[in-house]
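What follows is a group of structures, each given as structure tokens.
Look for chain A in each of the two complexes below; its partner is chain B in the first and chain C in the second.
So, the complex of A and B:
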């Protein structure tokens, strides 16, 4: 306890990484991350249009592009969240930029290897393939499989380095797990208040949860990655398919979840800056909510294995319960808290604040879609249909991506001292939110009709719905292009003033 | 006994026990052992090496406030990867038939555990514990599917 208090008593800005360096590291992550995401939005639109019959891809190319779309989108979104969190935590305690640069370089090398395996080798097993894929029934050369696995291994190594750096930073800054979890704030609040200490800020919980669950995902990814790589070299090696599937989803599901939780820190930091004198402080409720998130995100993946009869029944119940419970902390604490923060606060609506606020709506809508899917009675009908694609695109495209764009525009607005005009905000809003909602609706409708996911040629009514949904996708891309032009316009303006961060 | 002395004793005992396991497998000669048991034995060896390193670093603990030392991070991550490579079941039949190579590979497991924990703690306080925990989870996890079927 005394150790914890002593550590918390340190000024928050002691020995912090310089703001200029921290910003450079942040853009080193967010820049390539957004480029990857942008390119993959275009690729994704091409896939959707092909499903709608607007054009055709060569056999195999559809699945290769789908693989690239999925893996590069995950890497791109993860890079954005990692850069954002790194920058925010660098305001709290010292972080070594070299470590962050090495992690980023490894991830980008991994992305290049994945691109080579897909674009040159034609690898097309999707980013979360299930064993005996990618070894049996393939149409691409064996080397492409090896290069893809090596690429994912580089991504996992870079991710692990980042997680360890962030975890080390949090534990050092707040005096171990007890301080980082705000244990004393929750269990001995009066004592904690009397001590005059301050708990970790809300964004530190996002760092902690991302690092711990991220390491769990990274370990599972490393283990299954080594196993698959050895299986690639030695085709006689037996692997337990259920074991591979469990590890694949600990890695894949957790990483996908964390890409949403990481940029959430931007909401905690930036949203209050658009209000008049309101702050997002750490309360016992917020701390407990993040403890719950830490646990539920790690075990919710079991809902991917409902159809596996050999999976122990107990973990099926755990999967359903954890998936439901995982919804409460963000809904109750972050989204409800965010809405209350904005309510009657004299909120300033800019592009940055608009993206952050609408991102919370997208997160909730996607979350409800996910909850329906994890309900066993619905899952019987929705399993591996476009409903799955609908819900994760909702909280990635209209949730996590909007948090990142909100943060980017927040930085640009603070730097330039100007905000976008109402007309520009309306046009971008119509494109990104309107086009996005139209695109997503197509997946929800097709999913409810039982149209399967990952099909180049869809059974009826998939093709018709895809055609209409593609129009929404085109509007979304136009909105994102306008967004990019506006970002460049703001970035080219001279710096208004140096604003102290977070 | 001082805390430091006790920790050094723990380090020595952990290391000696791990090495004793290696010597035992050398003394027993060629043996047939199923893949799952083999993985679990390796997990114990890794734990021995890691426990020795953690006890040693705890006896010579760096202050919390010291900044990270990035040069130690890569070996702390490559340690688990090396440990996993040594657990490739393809090598097991050969190792079972060649006790000396088998013993050397077991020393490799102890080293992987030691390097993972030691370098992690050198990188930043408490990180060695984290890397050890995840390496051990991977080693035990391997016993349920890596070269093993139901």
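So, the complex of A and C:
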């Protein structure tokens, strides 16, 4: 059994971005991303405690903080995934760091503008800013709406630049769309094998799908952003609320989904390094799974509009079918493949590998909650209740965030040459997974009893459940703080090339 | 706590989640210890995956087909035979008939005058029985039959501003 973490083999024959530069770009994204996520976890806990009656927020402050929580969490998680993917793809082909820095700067400027609009202006239309809400019956000044929309525009612009860079990189590296999609591997496998070519590695599919679906989401976001900005300048401009709602959810749903699929690349790359010489290779099944993800993530958003009976009826059926089908690639390929990779592999448990593995569990559990919610027969009960909050927090907090933390700790373990003790792992695990599960269970239970989401003061039994769930949230935050302390401890260790036994 | 359909779904969720967590934890517990060659694990693993895929595909098709009758969308002819009642949502109130009939198919024609709202209808036991969005410029026809007489509560299900949580109405079914 190997006692070392296999380090990333950098291809010597290809032109790639220098590792030092790539790492700097990665931390430029992940650093602020994690700071934003951490701050928003605290803000979220404050909101939850207010719902539980542990303290009081005036409704205006509650809804403004809720808006900041949603917006900044999306930006923070996206930044983490973007930095991680940028670094991983920089091992495969050259990427211009200046372009990545410009994209990151635009996103951070956008985040600052959003923060100003909320914290100074009191903007509170939720991160989904569903038209006509940002303009009608507001409790914040008009300028705050303009600044918020400008902030979102900056974020979308930075995101689009990143997507274009990654798409350009992946197409150049693998010989256009045909190569990047591994078309020949799927349709002419024997010919492909004889040609001596190798397909893109699994993480390249995460890059491709994030870039393509990301451009679709970015275009929808930019379109709706411009439309609302013009409406802000000219209040007489008529906009169709259903058209705007569709665009808003193409943007929001797709971006939220990609915040999960982007850090998934860390699982492909890092998980095998904790096994005894096992590898995650690209097969035809994996390629087809990512094709499916590309399509179904983009069209599953229709389930957000089930209760809008004015939608064309066909898209409601497509919404349910696409939402079911979107679950197949994770269930059949990625999580199944991850479990198979780990099974009897002589696996080494460290903080990094624990987060990566448990992240897959969180993703599956959140997915089960989501599948129940996207079934129209059940959505009648769960639509816009706390059930929705429950399932997306499950795969963001206990899925995507754990993938990011897993990658961060993998990097720290690799660099410092040490791994955290079993006691530290247990304590952090109890806090992050135990506290997290407790917090999440409260949302599921309240959702199942019809408690609506986004309520400053909840009807019964919401308040009591929120009070109890807040205790889980406090434990989760303690776990995350321990995690931060452990990360700082590892980061302060001098760089070491060889990793000792656990 | 009474076992309503929603709590039954919650129980199903808990069971499925427990099975998923249990399976993945069992695999994790078999992860360390003597390593087995990847090819040996893959051979049986891929066979299992085919079974898993077929099982999931069949479950998805069955679930989709079973859910079709519950889709709440009706054609114009299906709606024509029911009595229609207008419902209007606005910041932060509902305009809704004070009395509605029991055991009679009715249609609530739901719209909004300012921003998006949601109409969530809770029966006298506090159970959510129906919901629909209220959007300015559109009318969403919600067909339903109230099975129980008594006082029903309406809550707003789409965030609509500073008094969203206070936006409610009641009506009597008899």
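Assume the second predicted complex is superposed on the first by the 484 of 502 C-alpha atoms of A that agree within 3 Å, B and C clash if a C-alpha of one lies under 4 Å from a C-alpha of the other, contacts with A are read in each partner's own complex, and residues count from 1 in each chain.
By our rule, contacts are C-beta pairs under 8 Å (C-beta built on N, C-alpha and C of every residue); 3 or more make two chains touch, one makes a residue touch a chain.
No experiment lies behind these values; they were computed from the predicted model shown.
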Where does A:161 make contact in the superposed view: on chain B (first), on chain C (second), on both, or on neither? first
Looking at the overlay, what does A:240 touch: chain B (first), chain C (second), both, or neither? both
When the two structures are overlaid on chain A, which partner does A:385 contact: first (chain B), second (chain C), both, or neither? second
Who wins on chain A residues touched, chain B or chain C? C
Looking at A:454 after the superposition, I want to know if it touches chain B, chain C, both of them or none. Which is it: first, second, both, neither? second
Contact-wise, after the overlay, does A:230 reach chain B, chain C, both or neither (first, second, both, neither)? first
Based on the superposed arrangement, let me know which partner A:172 touches: chain B (first), chain C (second), both, or neither? first
Can you list the residues of chain A that meet both chain B and chain C? 240, 242, 310
In their complex, what parts of chain A are in touch with chain C? 1, 59-60, 63, 124, 126, 130, 132-133, 136-139, 240-242, 245, 275-279, 305, 307-310, 313, 316-317, 320-321, 324-325, 327-328, 331-332, 335-336, 339-349, 357, 360-361, 364-365, 368-369, 372, 375-378, 380-385, 444-445, 448-450, 452-460
Using the touch rule from the top, collect the residues of chain C that touch chain A in their complex. 5-7, 9-10, 12-13, 16-17, 20-21, 23-25, 27-28, 30-36, 38, 41-42, 45, 49, 52-53, 56-57, 60, 63-64, 66-67, 70-73, 91, 114-116, 118, 120, 122, 126-128, 130-133, 135-142, 155-166
Per the contact definition, I'd like the list of chain B residues that touch chain A in the complex. 64-65, 67-68, 70, 73-74, 76-77, 80-81, 84-85, 88-90, 120, 123-127, 130-131, 134-135, 137-138, 141-142, 144-150
Which residues of chain A touch chain B in their complex? 7, 15, 94-96, 98-99, 102, 157, 160-161, 164-165, 167-169, 171-172, 175-176, 215-216, 218-220, 222-223, 226-227, 230, 233-234, 236-240, 242-244, 247, 310
